[in-house]
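Sharing a structure here in structure tokens format.
For clarity, chains are labelled A, B, C and D in written order, and residue numbers in each chain start from 1.
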Amino acid sequence: MAKVFDAAEVAKHNTRESCWVVLYGKVYDVTDFLSSHPGGAKIILKLAGTDATEEYDPIHPPGILEEELKPEACLGTIDAKTMPKEEPAPETSEPAQGPPPVETLLNLDEIEEVATKQVSQKAWAYYSSASDDKFSKHFNNRIYQSILLRPRVFVDCSRCELDTTILGHKVGLPFFIAPAAMARLGHPAGEAGMAEACRSFGAMQIISNNASMTPEQIVKDAAPDQVFGWQLYVQIDRKKSEAMLARINKLKAIKFIVLTLDAPVPGKREDDERNSMAGAAAPVPSGVKAAERTSDDTPDVSGGSGGVGQQLFAGTDPSLRWQDTLPWLAQHTDLPIVLKGLQTHEDAYLASLHTPQVKGIILSNHGGRALDTAPPAVHTLLEIRKYCPEVLDKLEIYVDGGIRRGTDIVKALCLGAKAVGLGRAALWGLAAGGVDGVRRTLQILADESKTCMRLLGVENVDSLGPQHVNTRMAEAQIYDGPSGLDSLRQAFKARL
Amino acid sequence: MAKVFDAAEVAKHNTRESCWVVLYGKVYDVTDFLSSHPGGAKIILKLAGTDATEEYDPIHPPGILEEELKPEACLGTIDAKTMPKEEPAPETSEPAQGPPPVETLLNLDEIEEVATKQVSQKAWAYYSSASDDKFSKHFNNRIYQSILLRPRVFVDCSRCELDTTILGHKVGLPFFIAPAAMARLGHPAGEAGMAEACRSFGAMQIISNNASMTPEQIVKDAAPDQVFGWQLYVQIDRKKSEAMLARINKLKAIKFIVLTLDAPVPGKREDDERNSMAGAAAPVPSGVKAAERTSDDTPDVSGGSGGVGQQLFAGTDPSLRWQDTLPWLAQHTDLPIVLKGLQTHEDAYLASLHTPQVKGIILSNHGGRALDTAPPAVHTLLEIRKYCPEVLDKLEIYVDGGIRRGTDIVKALCLGAKAVGLGRAALWGLAAGGVDGVRRTLQILADESKTCMRLLGVENVDSLGPQHVNTRMAEAQIYDGPSGLDSLRQAFKARL
Amino acid sequence: MAKVFDAAEVAKHNTRESCWVVLYGKVYDVTDFLSSHPGGAKIILKLAGTDATEEYDPIHPPGILEEELKPEACLGTIDAKTMPKEEPAPETSEPAQGPPPVETLLNLDEIEEVATKQVSQKAWAYYSSASDDKFSKHFNNRIYQSILLRPRVFVDCSRCELDTTILGHKVGLPFFIAPAAMARLGHPAGEAGMAEACRSFGAMQIISNNASMTPEQIVKDAAPDQVFGWQLYVQIDRKKSEAMLARINKLKAIKFIVLTLDAPVPGKREDDERNSMAGAAAPVPSGVKAAERTSDDTPDVSGGSGGVGQQLFAGTDPSLRWQDTLPWLAQHTDLPIVLKGLQTHEDAYLASLHTPQVKGIILSNHGGRALDTAPPAVHTLLEIRKYCPEVLDKLEIYVDGGIRRGTDIVKALCLGAKAVGLGRAALWGLAAGGVDGVRRTLQILADESKTCMRLLGVENVDSLGPQHVNTRMAEAQIYDGPSGLDSLRQAFKARL
Amino acid sequence: MAKVFDAAEVAKHNTRESCWVVLYGKVYDVTDFLSSHPGGAKIILKLAGTDATEEYDPIHPPGILEEELKPEACLGTIDAKTMPKEEPAPETSEPAQGPPPVETLLNLDEIEEVATKQVSQKAWAYYSSASDDKFSKHFNNRIYQSILLRPRVFVDCSRCELDTTILGHKVGLPFFIAPAAMARLGHPAGEAGMAEACRSFGAMQIISNNASMTPEQIVKDAAPDQVFGWQLYVQIDRKKSEAMLARINKLKAIKFIVLTLDAPVPGKREDDERNSMAGAAAPVPSGVKAAERTSDDTPDVSGGSGGVGQQLFAGTDPSLRWQDTLPWLAQHTDLPIVLKGLQTHEDAYLASLHTPQVKGIILSNHGGRALDTAPPAVHTLLEIRKYCPEVLDKLEIYVDGGIRRGTDIVKALCLGAKAVGLGRAALWGLAAGGVDGVRRTLQILADESKTCMRLLGVENVDSLGPQHVNTRMAEAQIYDGPSGLDSLRQAFKARL
């Protein structure tokens, strides 16, 4: 029978030499684990000797605990009566009323506004943050307003359908939930709640590598024809990634693997860091440091602090390469590969040389969270149309970043995107109203997209084309320097 | 002799099973009518059992009641003494003073500001609203400021005339009142008041299909040479449209039919929806839903609500086509046809293939109320000049949207517009001061236009030309992708 | 001996039938003059029966009274003791302290700010106002910031001279005081004060046709080599203009005539009209009306009101033409002619065909006070450089409008302007500090211009050239439509 | 033994005829020195008869006193007891709490914000000020945001190094501390504190000619391989400059001379002048006057006042020329020369004709402090790439101005800059936290630069190239008029 501890006893073990934490009513000795914690030792030491469940739960999927700790690390259970009572928050600071009904929210801005009021500061900081000055985050929105629509009139628009296919699978909507991490930070329904909402529309969802629930939980109640992708951040410890791939291969609902390339190291997300610092006892290394771990040669003035975003990167391998990673991946899964985070026509072209293993690419600047002043996905799409339009025939191309309106979606489709990903929009929907909040988000975008298509005089997604958009202002901004394609083509021929 | 009811009795009939309303002192049983109300059942049910006159009156032209309800639906009269007294509004919330005299208002912005304070929230929301983010609404204004004028000097400018012709009819002003619906929402003088103001200037007016007065009422006091057009939204129930055309054919003041093409389905006007929702007991479907009526396959999270704009679209046929609708129209009227809402040079070219039935086109994005980020009319005009200038010789071209100044009007005329339409401007004028408010609006624009022409060194409208405007900044924005003209020309030849 | 009236007697004569006013202590019967007052009857009737000196004085040059009224109109003198006492303004509303010393003001914005606080609302409204939305007024400023400088380094810049010539006359500064009306509205030193300030720098001044002092007064204390121009608004009553020219011909200090062409009719200056209306008993016709005087055919909803600007236009001839006006002018003066207000390269070219009578042109949009969205002078200068650079060899070209900094001046000189005019800047300087305020304005601009030239590596005005400025952004805005030059050249040849 | 004075005695000598000041406890008679003080007599007379140490100390390096005054000028010592007590500042005006720890500051904006609160108004005004409207200062920042990055993905980015070489010397960072004057105004650690911070990173520092410490003091504790440059403002009194060069030649840490060319006369820095005026008893001549000293011919309305910036220019020679100054310099030093402040491709090309003496150029608009609307360094760099890219092979090119982010640095490196200078950034770092504040500044930029390079897929500085940036928007702004290169090439050939 498990030993029962009281809180005072646990509280003594709050040092690097002896570090205990309470999780879900059990007491764990994590002293030996400190050095191998992917998120770093400091974040654990901050909670040493206390009940860490509230901090731990929304950002770790179930099963991780058992996977990472040896059985003997569990020392026993905590005597709940001995735990300090949490003081109730003062009434004034927390309004009694809940959020407004989701059906009264008319657009995605209103949903974000409601969600912002609902979630913790920590969740807001993680979801909302982007790198540096957030130029790319805002540019992702703005670029769509600079593209004008060209409505054709006097055509029958009584019929209008949004369904399309993604990698050959039928889906109900030409937009999907992109892999955004940590859904349970915003709402307990988490990624499974998103899946439930997608089911209502036949919509696709890509599960984040850093989801707060296991893939098995997320796809558990999927409809028979519901389509999922799974996002992989390759770990330095390849065995872990291989084990995950083995689990994914068994889940029939998951149709492809998304390999994320746009964030081999974390961007500098200051909102997230600032929030983390506010609660931190001691500053921890910032920015590139977390990935490097070799800052000893520079003086100790580095500050900042690992926000949630930083912690998630721990263990991620920054050394992936076309020539190594794709063959390794082929050994561990037969699923088609979609590469995420391409931002130049050169890389899109390179991807097209890796068919049939690679079947699609997601143009993305990581929601403006990786490199600030990186181009919005629409820029890259226009670059591809200009320099190597044949890529559009060889691969399915998706875009994400900055989607706020149905017109944004339709514009991307006109330019050749097969579908459009929603990142923050889905998280804000979930945070604003759980499953119904995500449904409302999808419904608004579906309604707006249909209205847009009808007013363009178009019946279905396949009929949208570049003749429906005036991209002149955006085209005046895209790269027109020398293309790297020639040398890539030569190198490719030489390799043959 | 008609039966007399008291209010308590009427109040009991407030359900879908038995629905009575009081209108103009009479009691109607509208239970059977609920399902066929063009504006939907919900809007009636909200008022069931009460006196609905105040809500009903400003948005329905006289005669509709008799047209739509069987005689036996009228049950009798209401005993006025039994009606609940309306509580007077508290003094502080309603300033005693009326609007300032219209002659003190110097420009259209000031008129709009005064009108905004005068009208109900409902009227403001309907007039002011535009789709989505109102980008096109604001762009409609801004585009004119990006066009510079080129004044020629040292020419005699003592004479300056604004009169011109529209479809061969002499008019006093090169601008006209565009078909804007629901004038009585803003002022009881309504569309007839607009006609009275137009009479003072010899100005043309196009009567909205959704006018709050009948065409017969509006043209009743017209001057012998006063010119009107009538706007047609073709109804799904063609018999209704045919009946209207028969009435219009009898009105000599109406010289042409305007067939509206830019809003086959309603845009998403959030101000309007938000206002409607504020007073609504239950949300009703939004956006594309009203036109679709097949939302059963998606879950019930749709919100929004039919604003006034939505209700007006009920019954409108979204399936109009060049090949069907123009021949049908030819069977029911000999009046010339003007097509409204063209937004691409391709559609302008197509229209030019349908002379002599089609004699003019109105370039319009529906005041930014249909598809957001659609191009302003000036963009389309520049597109036509670039790709198919011959259309300017075959058709009269009008533009509307965003007119705030006489210089805006003159710029459009310089680029080849035959005349320029005022939408919201006329409504704000009416709301600010009734007939005199509209007159003041027309006067200001006439004065500003004349000053502009004189300072350009131009005596009359026909002498304005592209050499008087510098459109370089606007031209850097217009479409320069591949034109659809080639395939249209081939298709046209094949048809011959 | 003159009769003495008391105020009560005068006060009775306050109607159109019998209208008396007090001016400088004398009583005048102006009943017969009402209909011929250039500024209209209403403005006099507002003051009928009262002492009008305060209103009259700052906007009428001396001698006008005697010129316009018959001797018998002067009825006698007023008994000063019977005049109503002016109530002293409450202390709080008028700060006791005067303006700060001008030498503490560092730039023209600060001078304008101080001046704004010093002058009456009427003066502010007249000086500050521009037409419509003031787009051109603000664009006049902004355009200079879009032009970048190209400093050359490692050259000796110990010497730097600002002196240049204008029409062969040596001047100390490459900028001058442009003809701006009504200086005494802002400060009693008036236009003579400006002349005194100019004398200190050897700077040129152009005297406004609507100066508040006579030309004789203004040039009275001029230095022997001080240079003036005189601006002519040709009057409908040509005799008046001819009489003025005869006076001007006698003043040796005046070296040329500036014929203003950019405002044949007044623009719509709403600030000015609004101010006038605030004090007006009854609204008077606006905008083009004042010039037309034929508004009887339109209904009486015209409002607005003649601001100071409107009144000054009364009597101005809007029918001037190249072919009539220049020959007429040649009959009445041998002075060289400078044409002001050219805004297209076509008109600049036309002017160059009228040498040697015409010796210079001032590119100007009348400070944004005539036609809103007219091009800034720099646009026209760039147009000339592009389409007909030979004009720069045939005429001296000056620009005005929007000058706030020495760098603005230097940029215009680099592009070929011979000198640069200051309009509002000189008025604000005068209003902020009288003669010393104008001096301070000139000093700041001289210092800034010299600093700029030195940092460009340029010793004197003649060495500035287009290689010192990057006009790329401005050039992307200027007219590139078809030029009217070809037809002008053909017409000119045909005339020969 | 030195005589001891009491304060009352000293206070009597406060006139131009007899002027004494107290410095570091000693009493000096500076009457004879007044006329030769580089900063002018007025600034001394303001402090005559008082203890001037607080004003004197932070802007004069040690040793200057002994250098400039004869021994007999020192009259004795002051009796400290007789000095007036300084009243302690009221508690409320000076918050007790110090600045936040530097490690909590996440970016350079936050550091500037903290520094602004720490420093005196005088220091803020001197550091922050820029010329005229500060257009160039702000444009220096903005230009970098208009350049987009082009991240390449799927390449190994586990390694990333910032080290590079400058003129053959190894340095740890591709950015350096540019010569910014008066560091002790902001923090007592001064320029030596900057050197200490640079030592931690192997970073280069250029010592300002107007440093508040001597070169000897600044390099005293340098690491053996630490790299310095020294900036020279050539004095009218060449002997002084030659003496300084002789001292510099002896300091092994100093590897090159930076000859500043972008400010032969001071720009108009209004913040600085305004601050100076606030404390000044009498206004002193502004702007170009200080350099001219010949304003007697213009009336006495010049105001403004020599801010710190103005005083520093006193004695600087504005007559430097390629043909004179470089040969003179060759006579006095064998160190390589770097020319600072080039702003056109023509001058860059000219510099390349002066190898091997000239080895590098710094493209700079003097932080926007010299000529407002001068181009940012990136414009000049793009100009060079367009007109004479061969210069990049002949000289090392550095840029400064507007650096706020690591991405800014990387963009400049991509375009061919060998390294990037920090001006205000280093001063704000010092002011915010002394040596640690500078370290924090360098650390943040190092971290941001590395993150940027990794996300671009680049391992080291040499691998960055124009293919990593999209400069399309910036290129649409740069000069495209006629180049002066042809005539320069011809002149050069003729000289051979």
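Going forward, a contact is a pair of C-beta atoms (placed from the backbone, for glycine too) under 8 Å apart; a residue touches a chain by one contact, two chains touch by 3 or more.
To keep track of the chains, here are their UniProt names: A, B, C, D = L-lactate dehydrogenase (cytochrome).
Please read these numbers as outputs of a predicted model, since none were measured by experiment.
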Next on the checklist: With a step meaning a move to a chain it touches, how many steps does the shortest path from chain A to chain C take?
Outcome noted: 2
Item to check | Numbering shared by both copies at the chain D-chain C contact, with half separating same from different | outcome: different
Checklist outcome for this item: Note, CA centroid farthest from chain A's centroid sits on chain C
Next on the checklist: Measuring centre to centre with CA averages, how many angstrom lie between chain B and chain D?
Outcome noted: 64
Checklist entry - How many angstrom lie between the CA centroids of chain A and chain B, rounded to a whole number? => result 45
Next on the checklist: Show the residues in chain D shared as contacts by 2 or more other chains, in ascending order.
Outcome noted: 476
Checklist entry - Which chain B residues qualify as touching chain A in the complex? => result 132-133, 135, 261-268, 270, 273-274, 277, 283, 286-289, 291-292, 298-299, 301-304, 318-322, 325, 339, 341-344, 346-347, 350, 365, 370-375, 379, 476-482, 484
Checklist outcome for this item: Per the touch rule above, chain C residues touching chain D in the complex are 101-107, 144-145, 147-158, 160, 200-201, 405, 407, 436, 439-440, 443, 446-448, 450-452, 454-456, 466-467, 470-473, 476
